[in-house]
Structure formats: structure tokens, C-alpha cells
Amino acid sequence: MIIADVVVTDVRIVAEGTRTLTFVSPEIALSTLPGQFVNIRVHAGSDPLLRRPFSVSRVDGNHVEILFNIVGAGTDILAKKKPGDMINVLGPLGVPYGIKGEFKNALLVAGGLGVAPMAILTEHLKALGKHVDTFLGARSALHLIVDHLENIHVATDDGSKGFHGNAVRLIQEYLKEHPIKEVKIFACGPTRMLKALSAFAISAGLECEISLEGEMACGIGICQGCPVERVGGQKKYALVCTEGPAFHCQDIILQDS
Amino acid sequence: MIIADVVVTDVRIVAEGTRTLTFVSPEIALSTLPGQFVNIRVHAGSDPLLRRPFSVSRVDGNHVEILFNIVGAGTDILAKKKPGDMINVLGPLGVPYGIKGEFKNALLVAGGLGVAPMAILTEHLKALGKHVDTFLGARSALHLIVDHLENIHVATDDGSKGFHGNAVRLIQEYLKEHPIKEVKIFACGPTRMLKALSAFAISAGLECEISLEGEMACGIGICQGCPVERVGGQKKYALVCTEGPAFHCQDIILQDS
Amino acid sequence: MKNGFSIRGVDFQNRVFVASGTFGYGDEVKHLVDLNKLGGIFTKSLSWKPRDGNPPRRIVETASGMLNSIGLANIGVHTFIEKRLPFLRTLKTRIIANIAASSIREYGDVLSLLDEQEGVDGYEINVSCPNVKEGGLSFGTDCAMTAKITAELRSKTSRPLIIKLTPNVTHIAEFAKAVKGEGADAVSVINTVIGMAIDVKSRKPKLSTVTGGLSGPAIKPIALAKVFEVAQSVDIPIFGIGGITRMEDAVEFLMAGAVAVQVGTANFVDPATGTTIAEALESYGRQQKLNDIGELVGSLIVDKKSSVLQSWM
Amino acid sequence: MKNGFSIRGVDFQNRVFVASGTFGYGDEVKHLVDLNKLGGIFTKSLSWKPRDGNPPRRIVETASGMLNSIGLANIGVHTFIEKRLPFLRTLKTRIIANIAASSIREYGDVLSLLDEQEGVDGYEINVSCPNVKEGGLSFGTDCAMTAKITAELRSKTSRPLIIKLTPNVTHIAEFAKAVKGEGADAVSVINTVIGMAIDVKSRKPKLSTVTGGLSGPAIKPIALAKVFEVAQSVDIPIFGIGGITRMEDAVEFLMAGAVAVQVGTANFVDPATGTTIAEALESYGRQQKLNDIGELVGSLIVDKKSSVLQSWM
């Protein structure tokens, strides 16, 4: 984990409303594992005040890439960065997805920008010899991001491409038709999707890790600001930033939001 | 007086640390008189919160130019504007210099960025057939801004160009050697300079208008935030934004700052 | 859809007002703003005699806010009546005269004089003023004194009487309760928060009066909590004030329990903020399919569990 | 140049500390920050038993600030002693244990247990906690109660006892006076300011507890005014806290009368803020040719006239 000013090398639009931002950091590039995130200070000013967390979406040499939509002041400032601008980055942070298990078939499920960690995850899974299938849900064909992914199955809300519906329904349909074994699901996306997927995975007895989002003040465990309710155990809450963002779906209770 | 989003057409460095910013506004270009200012909202965010006041330095067709140094968050944001960016401008504001008097010889005295209103002032004075001499004080030769000015006499703090000293001393020396009549002085610059110049002008019996700076919240007379002490009269204070920024030097009492 | 509301029989055409001291006497900005689109204008505080106000420096920008120490510079109630009221009378919006004073008697005198004038639709009482009799301690931090001013003024007018509360107290709801008890028709929540800034170079306070009043977006969370506190414990109409710059801010205040809002500091950035919000609020109401913007007032959904959660900090 | 100072015989190597609840127990950031460069670490509030804290959502960003409603989630004093104190003991900086409790008795129990441990250099008492006996009303807004806690704890320890005051009261100086009277060695000024934010879409409060504590640059002017108020009327060492992000902010607090400062929210943006400020403050002192950074404390030059200026708002 480092904290450093880094140089932005590229900001580009990759799908309707979605951008990638690439920066140079040998340390972060070298040490990031799939599912980990970086906490970015978008400017030196005091409003917006806090850092913004983003999953590392891909690593290429010394270059680290994140994927984002403009949803507020912080991402708006990020979108305006130009090659050569500096940003301050803290990372890599958080507990990565568990990719070293016994399973053979990795099923990646991403809703919307939940696709962010899937490229780096795919790369690491393949390096371990896992077979990867990817189930992408997007609002429409224009919102799809498919770069560096494997065996892509698409669902769109408006039916403009692939399955007309969401990614959870898509993977359910898929597994009905392809009863594969030694499976592990890796998911990221809106809470509602993760809830539905968790319910399915638990009922189907499938191993499933989900990556959570949640407001964070620090990203490093010093503010206690990012609790998620745990199942059983002594402690009622886990911290998303240091005990997640990747959790086994049966270990936590997702709130309605 | 209008309030409008306008397009920036140019930002450039014109001297050590000093930039001009040019924007397009037919209304402001048409109606601005010398000594008036515009109040600029440098971004849409809430920090920095308030507008920033700048003298109009020149008008060229529909184009309006201001001159500034980076001294804080607001000017830092302005300096980063690119052609095509929008800013929100309120203006023109304030009471202009009185240029229509009987005098024949206009003596312009500017210290540092006090040179800002001198180009537009020169243009208007010349249109009225006045003879213009300009006394510029700057930190060094590198800090001098001389564009669109007439009959320039230079003083620098470090003696790197012209008279070694300040603009007030320079004009005093000049008037000793050139006892011209029907004179009016127009000045802008740091408070300390304006104080010294006012003392000189009053003792020498010369008509003299000075343009003041002072923190402003609104620039349009609704906050009462910008008082300057008046000499005599019923009201103790005048508002710099609506009763100035140009004042006859004998009408106000400058505070030490 | 219904936009307006009324207090003590006086109708207001919508729920977005401009706050005292942040809009002059209205005429300063008449070329920039369609004043008739406002719910009403709260005038700069008026005292019996004109007041010069405090020496410079009066204004300091702070993080997402500003400090002011204007010292209630104002033209005095007589000049107001003679020079400013005639213009204000021509407007199709409500005029609430804000009154400041250094004694209970002065409050009464200013109000009584205004009460003889047409075109003044009500009063807002600025109690964040030093009580000369008590060595300059603020009336507004003394609950009994605030109640006493209210009682005194209530006896002098049948027009709407709004008491503007200061946030610089431990339990603002007690003050609201007290002034309601004395017949106030509404409260304005909040005036500025005491603050201070230092110029490190000169080692001097930035404001000539050392401390001043903090306003702007920085205080919005504080103001909202104060409005909520009052709304939860006292049944009195509340004008919500503090850091409002956008329509969504206004909606937050309404949901927390304000019947209307006042826009303050944002006027310095754009004097049309109030009218912009008024229009946006109307569109929002239509889009939400409301019959009355008033349906938003106090509409905050508070989970029962939250009230038993311990508010450790 | 002298950097340090002492309270009740305990030396602190410099005047820049990290605030309770904003730095964990120190070890979370040991790879990012040279902890030995701090004047000291105020731990997260410790209660007798571990506390889960409040349900999400606990954090809301606001204009130049943030609201929190952590609910004092902490590992409890026993686990602290067992698991965290050993690491903290190895540091060359001072450790002040911050204590939170829901009864006077709990405060005493936690303090007494800590008082048996080596490596705890003093106590900061968080009185912004709900008093269970009084139906959850905060201890810290009740002056007599705050004094009582102080007296009780004073009798139990000879280590430095620092009372952390809440800004959510009318006259904070009265609280400082009261705790000084009961033997407190210092006060910390300020804890967070009560605030609130609403999610307009869902019509719900953003925080699970409805209201929370506002911190960050937005509150700096408020904190500075509170420090100044205490410094003007009570002769007691003050730890200045609130919105400090830069060396200049720290200097403002010292000039206003704080003997030292605590960096809070800024740690979330950069946990090295405290050490950066400590270093910058030392350079500043040298550049100003001070013999002792302490020369800055209370060095504000206040024009005599300002004190008679009326603070109308």
C-alpha cells in the first residue's frame, strides 16, 4: 500500500457515459490483486473533500486503469483530467477476490459498472488455468464494456443486445442449460443485483464472492465508516474497506438501498 | 449590468506570473467604462464560494480582457481555463473613473497589477483628446506589462529597468522636472502606494482618482461587505463596489492593511 | 398544483424567499431578478436610526462558506419607509421587514412605525443583537429575553410575527417553544453560526470584530439539524435557512419540516438563485405529481429504529 | 528551537496530534506514516465493552466537510490493552486514551483499568455520549454533569486528564471553567457539530441515526471561535481541533490560544497530514526565528477597539 502523486496518461470514453482513466504507478501495478481498489484524491481542494474509491480494472506494465461514470463532483473532476495531470492515489486497498480455490470454472457476473474489476480478474484467473465465463448486464448495447473479457454472455435491460433482462437471470438460464461443476462465481454490481445473485448462489449451493460498494471516508480502516452486516460471529459488522470489498455472499447481509 | 455564461477565448501569460483572460460578451464589451470591473464565478462548485472581482483591462470588439496573477484558489482555477470553457460573469460593475473633466493631461499611475485598468482607460482618454502619460511601478523588468499604454515611464523595485524605486516617487520626480498644468491623476495599485500618492496629490493640489480593491461578497451592493471610510458627510462608509471602486482621493480614508 | 401557503391569513405565492441582509432592499437587483417570482423578500435588518456598521474587514471567505461582520449597517427605518418601501409596494410579492434593535423598546418602536405603513406584510425579528442593557450579551441566546421580545411585539401588531432564531444555543427547540407560547406565528431557523478566521501573517483576526457569522453551504447540515430539531418538538411554521443554493437543498429543508425556505449567501453568487429555485421547485412538484408543494413539508421518512439509536459521536 | 510542551509533567515532543476516531489505533497506518513524528496519538474512544457501532450509513460527505455517525464502534478497553497497547508502547510518541461511556461509573472503570497499564500517557474524555440514566441526553451539554465526570475521574488518576468539549452548547467557556474547577488538566475543543443530511430521492435521512457529527474544513471557523472563547475566559491548556488540514490552520489555532492541535478528518484524506504539519510547523517556527513554538500560543493581536465593537449579526 502506497500513497503517491501519480501521472495520468490517458482518459477516454469507452462506452455510453463510461470512461477509463490510466495512471502510472509501478508499485500499484505490481502489487494489485483482482478486486482491490485505489482511493483517489481528485484535486487538492477541500470540496469535494474525501477520496473516491475505484476498483482497479486493469494493469498493463506500469499502467493502472480504472473505469468510471460521471455521477457527481468527484467523477466530474476526474473526467476532466488530461494526460500529464497529477492525481494522488492511495492503494492498492482491500481484500481481493479469492481466486486460488479448487474450482475450475469461474463465472464472472457484472451489472453496469460492476464490470470494472473483471478484466484484471480474468487475467489472474487465466494465469491460474481457470476457465472463465463472463455474464454482463448493461442498460443497453451502447453501455456494454467487453474489453479484455472472456466468453462473454450479454444481457441488456432494453434487449438491444443479447438476453433481454439482467445478468442474474442470464446466469441462471445459462446454468440450467449448462450444468457445469467445480464452479465459483465472482460478482460485482448494484446491491439489488448482488442480493438476487447471493440468494440464487446460496440456494444452488454455489460458491460466490461479491464485491461491495459503500460510502467510505478513509478506505484504510481508520474511520469505521463502511460497515456491512455480518452473518453470525461476535462482531456485528465487517468493514468493507479492509475486510472487503470482496466477501463470500453467505457471510454478509446486504441492506436495501 | 448583465449576468451571463460567456465563452473564454484565450488565456495567456503576459509577464512574470501575470495572465490575461479574454472572454466574449457583446453586452459587457459595449457598456464597460474605464475603471469598472466584472465579478467572475470561476466554477460551479461551492469552494471557493464567492465570485472574484477583476477590472476590465481592455475591450476589443466583443472581447473583454482581464489581467491577473495567481494568488489563491480562484485565480488558480481561472488560470487553468482553456479556450472554449465557459465562465459566469456579472458586470460591468462599479463607478468608472471620471474622465470627462476639464483637465488636458492625464497621468496614469499603476503599481503592480494596478496596471489592469490602464489600457481601457488610455483608450477612452485618447478618444476624448487627452494627453496621457503612464507611470508604471513593477517588481522587476520581467513583471512589466506595457501593452496598449502611452508614454510609459517605468520604475522597478530592483532597478532592473527605468527608475529604481516606486511609481509614486517616479511621478513626483517627473512633475518636479515637468511642471505641467491641467492635470488629473488616475491611479490603481496596492493600498500603500495609493496612500502615498493621495498624500502627494492632496499636498500638491492635484486632482486624483484612485481605484480600490477590497474583499467583496457580492459586488452589487447587497451585502454591505466592502466599506471604505469616507471623509465627512453623514454616512461613515462608502461601498467600494457601488460607490467605487474609483474614488477621489480626498473623499476617502485608506486603512493600513 | 398549489405552490403557496399562508401564515396568519397572509398568503405567500410560493415557498422560496430571500433572506435578510443578503438581498439589500430588493431594488439593487431589480434589473437582474424578476422579484415578482419570489415567495417574498425579507429586508435587510432595520433599526430605528441608520447604522454605519462595523469597520472593514467585514467579509472573509471560508471553506464552502463565508464569515460576515456587517454590524447591521442599514439605512434606518425612517429612510426605509420614505425611500425603499414605495418601490417594494409596487411588487407582486410579500415584503417582510426584518427588525434589529439594541433594546426591547427599540424593537417595539421600529415595529410600531412599520405597522402604520401599507405594504409591509409581516415582521421577522432578528434577536441576534447585543442587548445594551445586559452589557452587549445577545438577546437571542437568552430564552426568557427572546420570549419577552416576542410578547412585547405580539401586543403591538396583528401582522405575522416571525422570530429569527440563532443556532448558537444548546437547545434551539426551547426557544421555538418559548416564542410560540408568546404568540409568534413562525420562526426562522437559522441565523449565522459564530465563527472566526485569523490572518497568520499579521497575527490579527481577519474580521474587525474578531468573530463574525458563518453562512453558506458549509452550514447547511447544521441548519438542517436545527430545523429538524424544532420541527420535531414544536408545532410552529418554520422558515428554513442556511446554505441553500439549489432546489434539492430547499426540498431537504421542506422534508425536515420547514414550511418555506430563505436563500441567503447564494444571492451573492447569483441574485437570481431564489427565483431559479422557486421555478425548479414548481417543476419538481409537478414531476412528483404533488397537488401541493406543502405535501413535502415534514415528509421525511424516519425509521422508528433510528430514534432509539444512540447518537454517540 | 523548542518544539515540545508539557502537561502535568508529561512532555510532548511537539504540538501536532491526531484526533480520536480519525486514526484508528495507530497501527492501521504505520506503513504510511512515521508515527514517531507526532506529538501524540489520541486513540479511538474506548468503552468498557466492545461496541458494534451504528448501522450503515455512517458517513456523508457535505460541502467541505463530512457527517459521521459511527456510534463509537470500538474494540473495548480489554482488547485494546491486550491487542493494541503493546504496539503503541513501542512508539516514541505519547498515547492518550480517549474514553467514552454511558454512565459515570463506566467512565471510571475504563479509566481505572487503563491507569494500571504502562504506556498510557493520559486520558481524553469524550463527554459527547448519551447518558443512559438521563434517557440518552448527552453528558456533554450538561455543565454540572460534565463537571461531575471530571471530579470523579480526577480522583482516580494522577495522569493528565483532558476533557473533550462539545461545541453544541451556548457558552462553551462555562464548561471549560467547570472542568478546570474539578481538576482537569486541559480541554479539547471541539468535538463535532450536530448536523444532518437528507436523501431527497428516498425522502430519508442519509445517516441511519438521522443526525450526526459535522467535521472537516467547513467547521474550522466555528472551532476557532470556540477555542478563542475558551482561551479568553479560562486559563487552561487547550487542544484545538476542527478542520485542520494545513500548517497555517494549526498556526491559527495556536494564535487563538490553543497549546496544541489535533488533526481529525484530514487523516482520512491523507493519514500523514499530522506529521506533515508537525514538520512544516517546525520550519515555520525557525523561519519566524522563534525560540519556542509556544510563543505562538495566544499570540493573536486583538485591537482594543474590536472588543467594544458590537457583534451584531
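Each chain gets a letter, A, B, C and D, in the order it is written, and its residues are counted from 1.
Here, a contact is a pair of C-beta atoms (placed from the backbone, for glycine too) under 8 Å apart; a residue touches a chain by one contact, two chains touch by 3 or more.
Everything numeric here is computed off the predicted structure, so don't read it as measured data.
Under the contact definition, subunit B and subunit D share the contacting chains A, C. In this assembly, the chain whose C-alpha centre lies farthest from subunit C is A.
Centroid to centroid, with C-alpha atoms defining each point, subunit C and subunit D lie 33 Å apart. Rounded to whole angstrom units, the spacing between the C-alpha centres of subunit A and subunit C is 46. Computed from the mean C-alpha positions, the centre of subunit A lies at a distance of 36 Å from the centre of subunit D. Counting partner chains per residue, subunit B shows two or more touched chains at residues 46-47. Across the assembly, subunit D contributes 55, 63-65, 68, 70, 216-217 as residues in contact with two or more other chains. By the touch criterion stated above, subunit B contacts subunit A in their complex at residues 45-47, 73. Those residues of subunit D that touch subunit B in the shared complex are 63-64.
Listing the residues of subunit D that touch subunit A in their complex gives 21-24, 28-29, 31-32, 44, 50, 52-53, 55-61, 63-66, 68, 70, 73, 216-217, 245, 265, 267-272. Of all residues in subunit B, those touching subunit C in their complex are 1-3, 41, 46-51, 88, 214-218, 220-229, 235-237, 242, 255. Interface residues of subunit D facing subunit C in the complex, by the touch rule stated above, are 45, 51, 54-55, 62-65, 67-72, 100, 102, 126, 128-130, 136, 138, 141, 166, 168-171, 191-198, 200, 202-205, 208-214, 216-222, 224-225, 228, 243, 248, 251-252, 255-256, 299-303, 305-307, 309-313.
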